[in-house]
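Below you will find the structure I want to go over with you.
So that you can tell them apart, the chains are marked A, B, C and D in the order they are listed, and the count of residues begins at 1 in each.
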Amino acid sequence: MLDKNGIAKRIAQEVKDGYYVNLGIGIPTLVANYVRDDIQVEFQSENGILGMGPFPTEANVDADLINAGKQTITARKGASFFDSAMSFGMIRGQHVDLTILGAMEVAQNGNIANWKIPGKMVKGMGGAMDLVGSAKNIIVAMMHTNRAGQSKLLKECSLPLTGVKCVTKIVTNLAVLEIVDGKFKLLERAPGINIEEIKKATEGDLLIPENVTEMKM
Amino acid sequence: MLDKNGIAKRIAQEVKDGYYVNLGIGIPTLVANYVRDDIQVEFQSENGILGMGPFPTEANVDADLINAGKQTITARKGASFFDSAMSFGMIRGQHVDLTILGAMEVAQNGNIANWKIPGKMVKGMGGAMDLVGSAKNIIVAMMHTNRAGQSKLLKECSLPLTGVKCVTKIVTNLAVLEIVDGKFKLLERAPGINIEEIKKATEGDLLIPENVTEMKM
Amino acid sequence: MIIKKVNNVQEALTGVKDSMTFMLGGFGLCGIPENSINELVNLNVKDITCISNNAGVDDFGLGLLLKKKQIKKMISSYVGENAEFERQMLSGELEVDLVPQGTLAERCRAAQHGIPAFFTPAGYGTEVAEGKEVRDFNGKPHIMETAFHADFAFIKAWKGDEAGNLIFKGTARNFNPVMCGAAKITVVEVEELVKPGELDPNFVHVPGVFVQRIFEGKNYEKRIEQRTTKEA
Amino acid sequence: MIIKKVNNVQEALTGVKDSMTFMLGGFGLCGIPENSINELVNLNVKDITCISNNAGVDDFGLGLLLKKKQIKKMISSYVGENAEFERQMLSGELEVDLVPQGTLAERCRAAQHGIPAFFTPAGYGTEVAEGKEVRDFNGKPHIMETAFHADFAFIKAWKGDEAGNLIFKGTARNFNPVMCGAAKITVVEVEELVKPGELDPNFVHVPGVFVQRIFEGKNYEKRIEQRTTKEA
């Protein structure tokens, strides 16, 4: 079974040379730590930077330089700053190659819910609806089940949607899956996890090919 | 009767302190020469400058610094350069206070035609349709009649329109007029011009108040 | 040039009244108009509608207005950093209109640029699309969104000149440029106000035509929400 | 960073074919991609559609492509400086779609930003509105305009870095920034190509993500159409 860093590490394998990548808050933010350093990748943060670098040293903290998670960051060589309209122009115009974000629920048709629990929690969608509404390639990073042990991979989302039929791939603590023909196709098992465990943790319909290899970490 | 410079000089009186002004090609360009120098006025040129200054000296000519008439210009203190989307954002968003442009025909309902003579001349509308479609205050600078002696102030435009019901005021070699209730209301006579001469040169309906003063130049 | 300089925040906020709609720049606490917000607290204007990406934190930024219950309605994309906000919203004291962040930016920019409406795929098939026109373009459904307008826009820039030309620093730019000119009166506070001619016209982010009043702000706190660092 | 540098104009124009649609930056002869235009003449691609505010003059800029009858269709706002253009248009050899200048800019920017359509008052009640949807907003009629897309955009910037970040000078900026990313492949020529890190990230006009190929151009002529001067 993977922990959050393990999920991030596995997702980092999906990041290819030449990609511009938008990382959501939480597990997705960790992905930057595991991207191979022999490929060229740029991170976009939707509050207005392309070419986001690592966290600053204490001496280099700048209140005017944060990411979309409100964390202090640095800018890499070749970075640029821009306003929010330009930033979402990049996203809406499909100039960003890969979007990695968290979710509360994913449905087997690719629907995603991650911004609201009616009557309980309403943080807002932030940039998530713009991202999932436009991105060509969306990977969801999340735990396979919620704190109550219920599956987050569902036949249908029960929470208010963030976007419809948009998720490409899901990487959880148990498995890598992709959305194929309205089902969750199992691609890889997490180290030490067998297919029965994944079945039990998945409410939606699973497509299980003959050979499901273990993730190569 | 006024010449082109006289028309420009009279229009310059319409330019008030604090105005941002867009000047079209031809007579309107001359208006800048006659604006009082005790008021603060900025000129916008739709190819991407706010704070346009006078023509450069030969030594200061810069091919990268022109106005919408493709003339070499200078930038004043406090000027800014921007792209064409931003430039027309200023215009469409009604941030420019006054637009002065030429016309082939103006109709008494405020319609204007200035970009095309079917089968004969098609230079294109340039920025004129955006300007007349949005500007709050549009002054037309033109000769009262065309080269064939026909009135350019008509009941209805015969040429393809540039915009509908948009012209506020017209300054010609013979008169100052404004559009009121679907008619040309005569405001001022050019020096030495009498009302009969203006009537004869105007095909559209004229509203003639009791006292029509001569322009103060 | 046309001078937009005013002497202080009090003069800059002349005309602000109850029940008005305000736009406020900033992302989280980064690039927020601190001086103008504090003056709105002092003026104690009530029943206001705020268009702002976030709602501050409990004791800073828009949180100060929330605490005093000056805000009737918030139009935002993300409000997760503010417990008082969530309480007022869930209890129904506060009206909230949540808007996808890119749509929020574009609706402000649309007002600035005189575009009354546009189509975007963001929010299709979600609550955000309810009551809105849906139309397919290139085989993909989009929803129609309209321009946001306001009475005042409160903007924070890094530097500005007396003619209202603005430049921003780092990610403190965010929503600030797109709100300039989207309101009847755009009020800008800057860290450094310079004479016209001191900013390079090639690198002005917002031309002065979009600004009605500009002043040099004071005592910037520039709080950081998530101070994250690495070893030196 | 992701490097977009190519070695020369030949490499930059790889993949250019007959019958494609091109966007070209520039206003008049100011800020036009001289190197790319000359290479299009060399390549002798035919039946092309050009989206460009103007059409050059008889012996320079797009006029060179017109003279060789490489252009099937022009989408422009103003073509008054080119006699050959007018001749081909009036004779019917050349298809012409005249678009209001602000609408042209916004339709390119819409493609760049993933907005399929928007409303503008420009052209209402004129030929430009024919066949287009008209709708009232705030009591004023507007027409719906759609995004322009192209196969290649040819852009001229002042400086650029190898990561594709661009800055422009003076009014040579014009349509260049709004066309970047509105085509499948954006090709940029610059007067000076620098290493990433040499441009201040606060003052980048176009971030590199919108650019696929960049090269340092040669032998800029920068012709002036109306050389107007005053006494020294």
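Observations on the structure shown:
Convention: a residue touches a chain if its C-beta (ideal position, glycine included) is under 8 Å from a C-beta of that chain, and two chains touch if they have at least 3 such contacts.
These numbers come from a predicted model, not from an experiment.
Common neighbours of chain B and chain C, by the contact definition above: D. In terms of C-beta pairs in contact, B-D outnumbers the other of A-D and B-D. Among the other chains, A has the CA centre that is most remote from the centre of chain D. Between the CA-based centres of chain C and chain D the separation comes to 33 Å, rounded to the whole angstrom. For the pair chain A and chain D, the distance between mean C-alpha positions equals 36 Å.
Rounded to whole angstrom units, the spacing between the C-alpha centres of chain A and chain C is 28. Among all residues of chain D, those that touch two or more other chains are 106, 109, 113-115, 120-121, 168-170, 202. Looking at chain B, one finds that residues 49, 75, 81-82, 85, 88, 91-92, 134 touch two or more other chains. Contacts between chains form some other arrangement here, matching none of path, ring, star or all-to-all. Across the whole structure, chains are in contact as follows: A-C, A-D, B-C, B-D, C-D. Contact residues of chain B toward chain D in the complex are 45-49, 54-59, 61-73, 75, 81-85, 87-88, 91-92, 111, 115-116, 119-130, 133-134, 160-164. Across the complex, chain C meets chain B through its residues 1-3, 109, 111-115, 161-163, 165, 181, 196-197, 199, 201-202, 204, 207-210. Within the complex formed with chain C, the chain B residues making contact are 18, 20, 40-42, 44, 49-51, 75-82, 85-86, 88-96, 134. Here chain D touches chain C in the complex through residues 106, 110, 113-121, 135, 137-138, 142, 146, 167-170, 202-203, going by the rule given at the top. Contact residues of chain D toward chain B in the complex are 27-31, 53, 76-81, 86, 89-90, 96, 98, 100-106, 108-109, 120-128, 158, 168-178, 205, 222-232.
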